[in-house]
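Note that chain A is present in both complexes that follow, paired respectively with chain B and with chain C.
This part shows the complex of A and B:
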């Protein structure tokens, strides 16, 4: 009798272990890691309106940082943003809102009017792709440099040295993926796919399914 | 005889799975957090501010304790008192474990929230809570790095309101951000998560 009970318990533990292994190996659900908190910000958009991170709470946001006078050989991260903007227009993400956000660090030159012309040149027709700039260089440095951990430095000729970076933030304000030019080639396909993975998590991670998503986080089932 | 034993074993296995499986799985399953879990490889940004008792305090001074950061202000009409009441109740639910938790409120209204005012305000909720004050620039930097937006309403005269993010951030004993609680999280859920982190 006791031996049968031991066998039964052993079988139960075995089943749990096999289930855990199967989950890790087969990865039926993939997620993006919750890396760290994105910084807070209040900026002016191309219409001169104050806009903040709180206005975008609940939305998936892809950030990049640049300045409007960035011309080749300047890396022009908005070229990648433009491709993603076009791809997302045709993507089926359910009712999950996604916003692209270009933040300029050229406080002295990039007024809302300049941003507006710049946005039009890239074909950003609506608020699915927003452009904003700060008014206080010190505060902006705290947001971009310390918060998003993006390097940029003004040069004597008024232009900037900077590392092109794309940062994906979820509706909670948590950074879920960083694409840093010097370590990862910006890849439109991959970024769009990751936005899809995040949108799926937002849509499906409810009720009992939330347990499965939390298990995917626990077992590091991260989308490549 | 052998077949009968096998049948009994199979029957027992089914019974164990049915009767014992659920509590066992419940006991061994990973804790499901009520707050949003963050797996940051970087320590929480350190800072130094002044407590409501006038001492300088750094986040790193509290290493070894579970720290909860909340940004609010004493003139706050609804969100702050509601949140602090839930945290005070969560501390009571935690019992002796609450001695290893430090709830901190950083003012987002440094112009009106003096150290004395903040201390008196927090004592209404739980005398163990610490209030922190600092300069506009110090607080703006810390709030930015913790993802906390705040903006003063300029149209309210002296009785102005301050819009602010109402989440609460839990930092584990090693100094890493572990959880973010949204506004409205119940004390029972907070205590459940904190008790797990303090196990």
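This part shows the complex of A and C:
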């Protein structure tokens, strides 16, 4: 009797271990890592309205940082943003809102009016792709440099040194993915796929499924 | 008369039992130590991020001009390119108390990157980007070396982080 109990317990533990291994190896659920909190910010958008990160709570937000006078050979990150904007318009993400956010670090030149013309040139018609700029260069450096950990440096001729970086933030304000350099998979494909993974988690991690999603986080089942 | 069968009785010596027990205890202890050190002390395991193209990585993007960049006061990122047989850059100068995030990749063969006095100890593989963050509290010179054999000039592949007071 007692022996049966011991064997039963051992079998149960063994099954649990095998189940955990199977979960880790087969990865039935994939998630994006929770990297760190995104910084808070208050900026002016192209209509001159004040916008803050709190206005975008509950939305998946893809950030990029550039300036409107960026012309080739300056790497134009908004080319990628435009492609994503078009792909997302056709994508089915359920009722999960996604916002693209282009932040300009050219405080001296990029006024709301300049941003508005710039946005129109890229074909951004609605608030699914927003543009914003700060007023205080030091505060902007704190947000972009220290908070988002994105490098930019003004040059003497008024241009900027920077590399295109895209940062994906979820509805809780947590950074879930950073794209800092070109990989073998084109940025547009990766980012659109990751937005899909994130939207799926938002929609599906309810009730008991939430535990499965938390297990995916615990076992580092990260989408490639 | 039925044949008497003696059930084989396994007699384990008391010393052997103790050794068995000790080895199980050691296994459990070491497993706990790994768990504790990774969660409680925040030891970072170097993670391969997404793959890059080693043939073009030095021509565009951040490794086209490798070096130290200031993100904000006291916060830096360093894009380091490893190649036969040198690091670009091979001298990095920061102020004491600075935090530096290293992004390292190789454009040819497999290299290594070990920075003395910190937990930065990475494999540098062509096609992969290794990333780690270190905070330099004490002023001084922190040497880094390539510690994966990469060819005849392997021993000349080193550099230093100079931390100014």
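As a working rule, the second predicted complex is superposed on the first by the 219 of 224 C-alpha atoms of A that agree within 3 Å, B and C clash if a C-alpha of one lies under 4 Å from a C-alpha of the other, contacts with A are read in each partner's own complex, and residues count from 1 in each chain.
Here is the rule we go by: a residue touches a chain if its C-beta (ideal position, glycine included) is under 8 Å from a C-beta of that chain, and two chains touch if they have at least 3 such contacts.
Note that the structure is a prediction, hence the values are computed from the model and not measured.
> So, does A:173 touch the first partner chain B, the second partner chain C, both, or neither?
After superposition on chain A, A:173 lies in contact with chain B alone.
> With the two complexes superposed on chain A, say which partner A:210 touches: chain B (first), chain C (second), both, or neither.
A:210 sits against chain B, while chain C stays out of touch.
> Contacts for A:185 in the overlay, against chain B (first) and chain C (second): which applies, first, second, both or neither?
second
> For A:163, decide between first (touching chain B), second (touching chain C), both and neither.
second
> Answer with first, second, both or neither: which of chain B and chain C does A:146 touch in the superposed model?
After superposing on A, A:146 lies in contact with both chain B and chain C.
> Does the superposition put A:42 against chain B (first), chain C (second), both, or neither?
Only chain B; A:42 stays clear of chain C.
> Hey, is it chain B or chain C that touches more of chain A?
If we count touched residues of chain A for both partners, the winner is B.
> Let me test your reading of the model: by the given contact rule, A:193 touches which partner, first (chain B), second (chain C), both or neither?
neither
> Look at A:128 in the shared chain and tell me whether it touches chain B only, chain C only, both, or neither; answer first, second, both or neither.
Neither: A:128 stays clear of chain B and chain C.
> A:9 in the overlay: touching chain B, chain C, both, or neither? Say first, second, both or neither.
First partner only.
> Residues of chain A that sit at the chain B interface in one complex and at the chain C interface in the other, please.
Dual-contact residues (chain A): 142, 146.
> Across the complex, what residues on chain A touch chain B?
Interface residues on the chain A side: 1, 4-5, 7-9, 11-12, 16, 33-42, 50, 52-54, 139, 142-143, 146-147, 172-174, 210-211, 214-215, 217-218.
> Could you please specify the touching residues of chain B with respect to chain A in the complex?
Interface residues on the chain B side: 5, 8-9, 12-13, 15-17, 20-21, 24-25, 28, 30, 32-33, 36-42, 45, 140-141, 143-151, 163, 165, 169, 177, 180.
> Which of the residues in chain A end up touching chain C in this complex?
141-142, 145-146, 149-151, 153, 163, 180-185, 190, 224
> Touching residues of chain C toward chain A in the complex: what are they?
Where chain C meets chain A, its residues are 50-53, 57, 60-63, 69-72, 75, 77, 101, 103, 129.
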